[in-house]
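Naming follows writing order (A, B, C and D), and every chain is counted from residue 1.
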Amino acid sequence: MPEMMRAIRKLQAGPGAELCTVPVPEIGPRDVLVKVKATSVCGTDYHIYSWDPWSQNRVKPPLTVGHEVAGEVVAIGRDVTATKVGDAVSAETHIICNNCPRCHVGEYHLCERTRILGVDVDGCFAEYVAVPEQNIWINDKDIPWAIQSIQEPLGNAMHTAMEGDLTAQTVMITGCGPIGIMAVPIAKTAGAELVVAMDVNEYRLDMAKRLGADILINPMKEDPIEVVRSHTRGYGVDVVLEMSGNPTAIRQSLKSARNGARVSLLGLPSKPMELDLGADVVMRGLVLKGITGRKMWKTWYQVRSMLRAGLAERLKPLITHELPLEGVHEAMELMGAGKCGKVVLNPEMAAK
Amino acid sequence: MPEMMRAIRKLQAGPGAELCTVPVPEIGPRDVLVKVKATSVCGTDYHIYSWDPWSQNRVKPPLTVGHEVAGEVVAIGRDVTATKVGDAVSAETHIICNNCPRCHVGEYHLCERTRILGVDVDGCFAEYVAVPEQNIWINDKDIPWAIQSIQEPLGNAMHTAMEGDLTAQTVMITGCGPIGIMAVPIAKTAGAELVVAMDVNEYRLDMAKRLGADILINPMKEDPIEVVRSHTRGYGVDVVLEMSGNPTAIRQSLKSARNGARVSLLGLPSKPMELDLGADVVMRGLVLKGITGRKMWKTWYQVRSMLRAGLAERLKPLITHELPLEGVHEAMELMGAGKCGKVVLNPEMAAK
Amino acid sequence: MPEMMRAIRKLQAGPGAELCTVPVPEIGPRDVLVKVKATSVCGTDYHIYSWDPWSQNRVKPPLTVGHEVAGEVVAIGRDVTATKVGDAVSAETHIICNNCPRCHVGEYHLCERTRILGVDVDGCFAEYVAVPEQNIWINDKDIPWAIQSIQEPLGNAMHTAMEGDLTAQTVMITGCGPIGIMAVPIAKTAGAELVVAMDVNEYRLDMAKRLGADILINPMKEDPIEVVRSHTRGYGVDVVLEMSGNPTAIRQSLKSARNGARVSLLGLPSKPMELDLGADVVMRGLVLKGITGRKMWKTWYQVRSMLRAGLAERLKPLITHELPLEGVHEAMELMGAGKCGKVVLNPEMAAK
Amino acid sequence: MPEMMRAIRKLQAGPGAELCTVPVPEIGPRDVLVKVKATSVCGTDYHIYSWDPWSQNRVKPPLTVGHEVAGEVVAIGRDVTATKVGDAVSAETHIICNNCPRCHVGEYHLCERTRILGVDVDGCFAEYVAVPEQNIWINDKDIPWAIQSIQEPLGNAMHTAMEGDLTAQTVMITGCGPIGIMAVPIAKTAGAELVVAMDVNEYRLDMAKRLGADILINPMKEDPIEVVRSHTRGYGVDVVLEMSGNPTAIRQSLKSARNGARVSLLGLPSKPMELDLGADVVMRGLVLKGITGRKMWKTWYQVRSMLRAGLAERLKPLITHELPLEGVHEAMELMGAGKCGKVVLNPEMAAK
């Protein structure tokens, strides 16, 4: 085991991040040390890189960023029981308290005191990362490292999509960013009758089409409510998966839903927003479900099962870029421009 | 059968209503004619009487108002199959289309083309009312007429309360008007651990206490979020039943709920309102359920069963006034002042 | 409209049935008259034809048999409201009482007093059939008549399969007769991780394979419990769809299920059977769900939606024979031998 | 801390048990040591004492028996995190593997490799007991020790009862032994419309009445199906809680249920039994749920909440005997004769 490693670090409050050489993390008695094989880039990483208001309030530099990861276990703590050196693993990134009522009843994703890898503690844009064994998911070894890594955001999309029926349902996905776009092949694999994808970015709409969307809507060009109703016999969709956090999109999605529809909300509006709760929710019997994280470990099992049920094949066009750690700045530019699917960093890849 | 009857009619756009003499309604082949024994007053009736903006947009005078009713069947149409002359009946007030997908799957309360008795068609503040057989609920004859009549709003409260677990839950009821107040004894009868009732009106809080509320909150006098957390080990309530439609109360109720809580929304905000959807709903995994009407007839069965399970006894303090038809103006004054529980009109009672 | 028509009739107690000429049925005020374009053969029809013990107790000849149907509406009763002459329709075959608590709460498939088309009243192996409007499902006209007809048994399979999660689940289907076999493409379309099909008939297993089954088990040749566990990491399947009614298969299916699995039971054992309820159900937390009929109309909507989601394409190998009414005896032979998928009778086809 | 303690031990295969003096148990790094204040007697303890066939197969003497317990924490292991010396605690008695898929998704009660306190490892009919911290439930200190102890079987009854709706339901409880009897006040507290209790033992029926049952049935004296139907408008009950394990009672309970009813099965038939699965389950759409253990920790939270919601008051007649450890033989005689509610052993009580 080397003593030092390369890691992408947020060194101070402000935009940017730097590739540094730092000590390989030490592990506690219940932790495992993972040699990173693939670490994919999330919108949250971009927010921290560009230092948006949310990051300014939450992140305390210095910090190694990154949280989507796959790699090989190279060391385990004294009290580790089920994970072995050599295992191919991914990480659940919500580090929970184990002691609140939500944790006590197995609703770990709703823990009242969650900390997040790469946000509140050192993350995985690095050659090695330390992870509590409780957060380790052991993969079958025949899954490519990049797919192992994106299971975390795929789990967000899965959790959002599977918090209610998908099969035989008409589904609208608002927002085709890195997570929203994954909901398209999930809904198709689950037998949705119709998948409508909405975004203002044509690159993303094109990718939605390649991933299986039946109907594409650019709300800058046409009225989403009319388009949705024209494809649903006038009634609106059964299910909305709201992945944009955009207030206008959220309001449009409610009006595009049929009476009694399920609306799963993953996208985070950046501040309070106006909603016609009476007309759009109460009178029409909508059900709005806030979604956060992934169910431990139900969502991970669903990801594993659906990858086998055809999702792995459908997801192929999604990973558009693989870069070395040095490529982090290029990755962030791609993210900012919305000109990518998933971008994966590979610490073992040589810099160009 | 007499040819003429007394009825409280909205004769023109504007505040007020008049006691008129009009023909007894004719019935179609699938209708029944009900001799009204009790007809209770709803907030909606008060809105129509006082001619609020909603009424101005919806109601087309002339119209006989009123929709909560109990009475005796005195005539039936040619194609009526199960209802008999002499039956003691109440009426479901949502007249549905029978032809939209929601009706087709038995989610009648979510019908895309509902009309409402006493709002869109002539109602029951009268000696007789015509009702489609499809809307008739046959009562056991040992139930007092006033209780038979209030089953409709009790059904609203029941639907709101029972759209998720109540037993062994901590429950907050925001808004103790005529429907909200009924949720208090429903929650107690269902074995809620704790029932918190909130209102700005001390008369109503006092009634909430008499109906079984464990904790009373007047948000003008104390911080509801702090009070709720102090009684729930710091975590907030499991269930919110939002019956006020007041934007401040709605926002407070979300912040008073534990992560993952169920929030049933019956109260209607009069216009769009601000909501911190990201922090208060998405990040905390809340589930918001818009509630409208009553499930046909599941909610009515629940009402019947819970009246037997002890709810009838608990509800006794609720009916505070019984008046003749002439008392409609007094009834509306009481409603406006919030100085009443349920007010029941009895067309057979002599004017004072 | 002709006065007479051809119909396959059960004329007396005993095996067989005859092609007769009888009056075209009269319709009541709420009925529609359907000109039959396709009528498919069910196991129940075979039971009545071969006059098994169940038929002997239930069926009262003379009777026109058959219940799976599609056709064109050629006449409507006075009080018919939504169905029009010229509509392409199928029929829900459970004629319900509308007056029991199950009907009142919209659980029509659980009606306490159901009668069945072609079992208790004259059916559709005929040129025309009279159906209550309440039992009419209006089809989109671009669906082939044979597919329109098989929606009824497809609905049985759908109801069985969709009474719980399928997506991302491992599923075992025991019994690949005409209904069981349909559960294979339903589970695949819904994104099941693994579909195991079991039958003792190799023709049926071969068809299961063509319809998408991942694993085939002939329990005469191998131990189903071992095979299932070898494909499920040792734990057993998440879901059992029991379509055989065979006691041995039922017992094997319980032991092939993981702790807490869902077991949907559609197959009907012909008499009481032994079950190790303590070890196989209670201790292992299984959930057994008896399934009967189709949800009205939720199941029909699911069928329509899934046909669009890819099920129509997957089902193509299923319809193996199309015959004129005269072919009923050949059809019954095929059914008896288990040498067919679905057999469809076409009253407009000329006899060979 | 003393070195030695008194404990009731099963010393060899065969009937009986002995009060011995043995070392106080040592605890591992994740265990806590509990000084026993109350330990209640379960039917399982009686089975082990009387050495029934199940015990002969499962139990390996020597073993300290007993699993229902409450006491004070007097020592904690090195890695214990949340439990403190001085806490008043009870124990969940299922010691789970933490490593099967059921454990991974939080369905711990369905663990594929559960061991049980007092059955597979030394139990709590003793002055001290060692318990893994993972199995510790911390009580509020104002709850009497005997009530703290019976939360484990109360949890069995709660789990059985709450695995579906109770509020506004008609409920039949078959078997009024120590666990079944607790379902009576649970159903009443949850607002059941009607609670029917069935047993062949008049002492137990009398206790059911004192705990709130509305209707008592002794099936040796009257036909339970007729009695149930006469109190449910002819349709049967909405919910069956099967607590007897008796084949005849199970068959009667299915026939006493309405179409689509929920049947929770906790009672364990001692061997395979005959069931008319076709007529009684499939055709009638019943849902049978096998119940084992308690949900961790959802069921325990429900117990805590319902004790507050009025269950503690209702349960008062249940604890009929409190005895010192020496009273174990008397306790077993009472259990065998069915002449007791719950019997509690108190290791601090002086022998008579």
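The rule we apply is simple: a residue touches a chain if its C-beta (ideal position, glycine included) is under 8 Å from a C-beta of that chain, and two chains touch if they have at least 3 such contacts.
The structure presented is a predicted model; accordingly, all values stated were derived computationally and were not measured.
Enquirer: Copies chain A, chain B: same or different interface, half of numbers shared as the threshold?
Expert: Same, since over half the interface numbering is common to both chains.
Enquirer: Which pair, A-D or A-C, has more C-beta contacts?
Expert: Counting C-beta pairs in contact, A-C comes out ahead.
Enquirer: Using mean CA coordinates as chain centres, what's the chain A-chain D distance in Å?
Expert: 43
Enquirer: Nearest whole angstrom, what separates the Cα centre of chain A from the Cα centre of chain C?
Expert: The mean C-alpha positions of chain A and chain C differ by 41 Å.
Enquirer: Out of chain C, which residues touch more than one other chain, so two or more?
Expert: Chain C, residues with two or more chain partners: 101, 107, 301.
Enquirer: Quick one: which bits of chain B touch chain C in the complex? Just the residue numbers, please.
Expert: The contact residues of chain B facing chain C are 29, 79, 81-82, 98-99, 101, 104-108, 295-298, 301.
Enquirer: Applying the document's contact rule, which stretches of chain A touch chain B when the two form their complex?
Expert: Its residues touching chain B are 100-102, 107, 109-112, 233, 235, 245, 250, 258-260, 265-278, 281-292.
Enquirer: Provide the residue numbers of chain B that touch chain D in the complex, in ascending order.
Expert: Answer in residue numbers: 162, 166-170, 189-194, 301-302, 305-306, 308-311.
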